[in-house]
């Protein structure tokens, strides 16, 4: 079927490629004309403006936005201004689900359906398919089924269609009314933060397993290592992550990727350790707080990222200053 | 090759079955004669006592212990008393790696090799194979290679032998000297706690996504839900965990199992929520503390289990008592 | 000077008493006529309705609201409808500072000043004075200075007026524009949660110092206590909290109260351990998340309260279900 | 009475001064002769060696050790070799309580009493008195009562002798058998970590209250600040900590010191933010883990210190590497 795609970054462009490969008719637009040209060369129809894009879509027009969260709301309203009742806007970006709730309510008054699609799969989605978490009105979601079926992985690894859970085994799911897709994706990312941190902390402990072989300062400001004989292991992290991939309880796709990363360079010399967060981890925590649900693991994972961004600096200085104030402890220099 | 197995519980018995199926000669013993008889019926050789077990093993005797951590050390010493220089004791249980370090040092003085094997795979290992993390002297580990190769999953899902990481792609790895196997397994379990908690917290938030539809007390002791309109989703957790299995970043074997669990019963009516911990999560945290490595996610996961066991009760009462003392706040009754 | 007070609960009534005692003229109103009558008997002027209350105030009318957060905004607007330009509304409750920002902006258009006053001191404020954190327009705050000076503790324990920090040594402070008072009070409460939890966790560990004397199950689902000889202390918590009050680094007013609580009953038999939270801890965390500031201690303290309210139940059941799924671990019953 | 003191660092020297001032006879020794000379000039008797020190003590000899934890055990044994049955060794340092348990058991076989005294008060103890948490045999502790009574603050701020809690109101307490003093001090320091972190996190949030006034990058790797209008406060942290000292729920001695610190320099320019930990926070967590008591706040406080020491670096790099691996996210540079 025909679908418009606006926003041809890493995610948007690859989704178009996957759609074209499966025979869909894609009309594409991006503020960067080179991105449009590249996909036209691969079989898409190019548009020269937002208005041109909408005009090229048959009725009901179905337009997928794959944009940074910060501008999605604004663009969606511009798009809607060009549309007619019965048309459908899809937001596949990392928008806040509350914006989706509000926007859907606003557009439904004009007869336009707003469908929010949480999209997971990263740069591997072109090949593996994207996991799609969908919110929106029943009719619009049903109309878009061929698109979702192509983007999703399909019946991989023995999955079978399910009477109970519908399309879930194919990798896409209508989760509920507008906002439900982004809500489920938000929590998905919150879990992702927690899993990533679990691996990172564990591997950091394994890396320290040779602490007993390292020289240790012996002043009053340094806690002694009582039994160095128990910390004399030089663990090969690349081999360990590889072996965990086979038969262990903690096997996962993230572990597969981590093993690949460590095979290339166990020192991770190319990284500085400043870990970004792009919003969904924050929103997950806010939802937990609003609903009174404890989430200590997910919040620890988020706050560690803030700390990696340098945001604990003042708190740490305060702690050193307090220690000096009550105990005369002079702060040690960084090594 | 021939191997003795002592301890025929869920793990030990299934490992014997996997070994027999691959042509190994297994001599088995357990204090429960029925457990011995069951495996004899499947092709194992039965022993009637620890001494009988050792006596039936050809030299060098290789005896695998699959026992509760609390008694492994004691039994290993009894076994060693029956052994000769060149013999090998393997501990495949969840022992503390420091006990393995100590025991190996003690036994090596008598020419007996002690090999510690962290074993992951649970009740699925018989079918999927076990992930083996091995510590011990090079020669003994090499001698046991046929056993490890059978127990491990082997070259699954496209794994290939690796010049760099040896047998890791087959699901077993010699991690270092005695203790290294249990150390790696210990951290493995620490990570497992963190991953499990990440899923559990996230799904708990999804379950609360309909908080705006529930009635809410409006007294000074209850924080108001400011925007109930954003919490009106009834999420099908079984469908969501199923869809995440296909193409998402958080796919894993634990997620596969979780989706299966939720398909049977989304209310989890068969569980009370008292989550046991069997030691390795605790030891992981102690290793982190000894080596000065931050592990906030893994510790949150561990402490949540303690709380589920009722161990925060006194702390919670103290908080209520303090609130009454400074603010006259009367504790609300549990609902 | 003259001041109106609406909301004569525990806090509001005591504040009126402290004001009357210092010679101020208080006009009071509450939906409960008995509360009004009680204070009239102590020297206040009673009002029979919100309108009557405003009518009895000389210009510029100064009306202090001491109401539950959930209704403050609504009542403030009703009050404002009765007021004239130049009048002042003070909100001393636990409102969200963002509501104060919004309300102040709305009312300033009509010439009415909105002053938000975070008020700490609990049931002890009548005697000790209240710590006041104030936000709002300079002129209105200055006009109310006599009221603040009476409510605050004044120059206690050697405090002296400060050229630099103004009235802070007297226990009240103009923190910034509208909303700043509630913002500072919000963070104050966040810190309070963290401090309370620090004491509660520490005392809970002290209470467990005799774990080595208690019988311990020895099954595979229970982590063994390796060195019971190190856990044979029966600590007198009432005596310990008392001794800490004298010369230790952790002395505080909360500790004073805690020592008092434990002197009465070390078992805290009157409490069930369901710890309420009334909003400001949640808002503190949201502010931390919005601004990207790590707050792992404050969030742990908040989430422990959620857990004490039963909100981890589903997550815990999930963990038990996962353990059964991968390892066949049968959940232990609560003791 | 007469007492020997070995170890004349900041703590030991000031304790001698407080004892001399109250009329006690102090025999002092330190490997640094200048430290001995300084106290001799103030009225102490100097010793030239450990042996000389013991020889100068009347029977029963009472010798207080105020040494780094790393050498206390070794020195205690050397001292004991010079002593007779009936003599008393006191350890006032930050030793691990388990060492005290072991050492006391060893020395009691030779008739020497070992008394462990957790000592809080820092550099202010000379003036304010030290809070003493005491473990050891009843008779030895009773014998030392005059020393404890002098070192402790005494009946400050209205404290009265207590039939129930003995000397606790005077600032010293016999907590139980050998080890109990260091155990209580250990948990005291664990609580201290938690309280310090609560203040530091809260003040860090207050400092960020003007985030809405700062420019913000708007790329896909940066979470947007949705409502900058709510983050436009420039909070005077010195004034706020000062006002909290007067009548608020979070008043404490640590807050008094913090207010003093911030008055001098709100930017804390003299500190780098590397926060040391000297062992007792770690031991507190290990005790919590051994006894199965949840301590998420205390552990977060400890782990934040590890992170401030640079120990999360590898974990953070792993997270950035994973993000690149699954999503092509390029790590942002530190600002």
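Letters A, B, C and D name the chains as they come in the text, with residue numbers starting at 1 for each one.
We take it that a residue touches a chain if its C-beta (ideal position, glycine included) is under 8 Å from a C-beta of that chain, and two chains touch if they have at least 3 such contacts.
Just so it is clear, the structure is predicted and the values come from calculations on it, not from any experiment.
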item: Chain whose average C-alpha position is farthest from chain D's own; value: A
item: Higher-contact pair (C-beta pairs counted), A-B versus A-C; value: A-B
item: Approximate Å spacing (C-alpha centroids) for the pair chain A, chain C; value: 37
item: Centroid distance [mean C-alpha coordinates] between chain C and chain B, Å; value: 43
item: For chain A paired with chain B, centre-to-centre distance based on mean C-alpha positions, whole Å; value: 29
item: Of all residues in chain A, the ones touching two or more other chains; value: 122, 197, 199, 201, 203-204, 208, 223, 226, 249, 253-254, 282, 290, 292-296, 300, 303-304, 307, 311-312, 315, 326-327
item: Contact set on chain C toward chain D in their complex; value: 97-98, 101, 120-122, 125, 128-133, 152-153, 156, 159, 162, 164-173, 175-177, 179-180, 183-184, 187-188, 190-195, 197-199, 201-206, 208-209, 211, 223, 225-227, 229-236, 238-240, 242-255, 263, 284, 287-288, 290-298, 300-301, 303-304
item: List of chain A residues in touch with chain C within their complex; value: 249, 282, 285-286, 289-290, 292-296, 299-300, 302-304, 306-307, 309, 311-312, 315, 326-327
item: Contact footprint of chain B on chain C as seen in their complex; value: 10, 68-70, 96, 122-124, 196-197, 199-201, 203-204, 207-208, 218-224, 226, 253-254, 257-258, 260-261, 268, 270-279, 282, 296, 300, 304-305, 307-308, 310-323, 325-329, 331-335
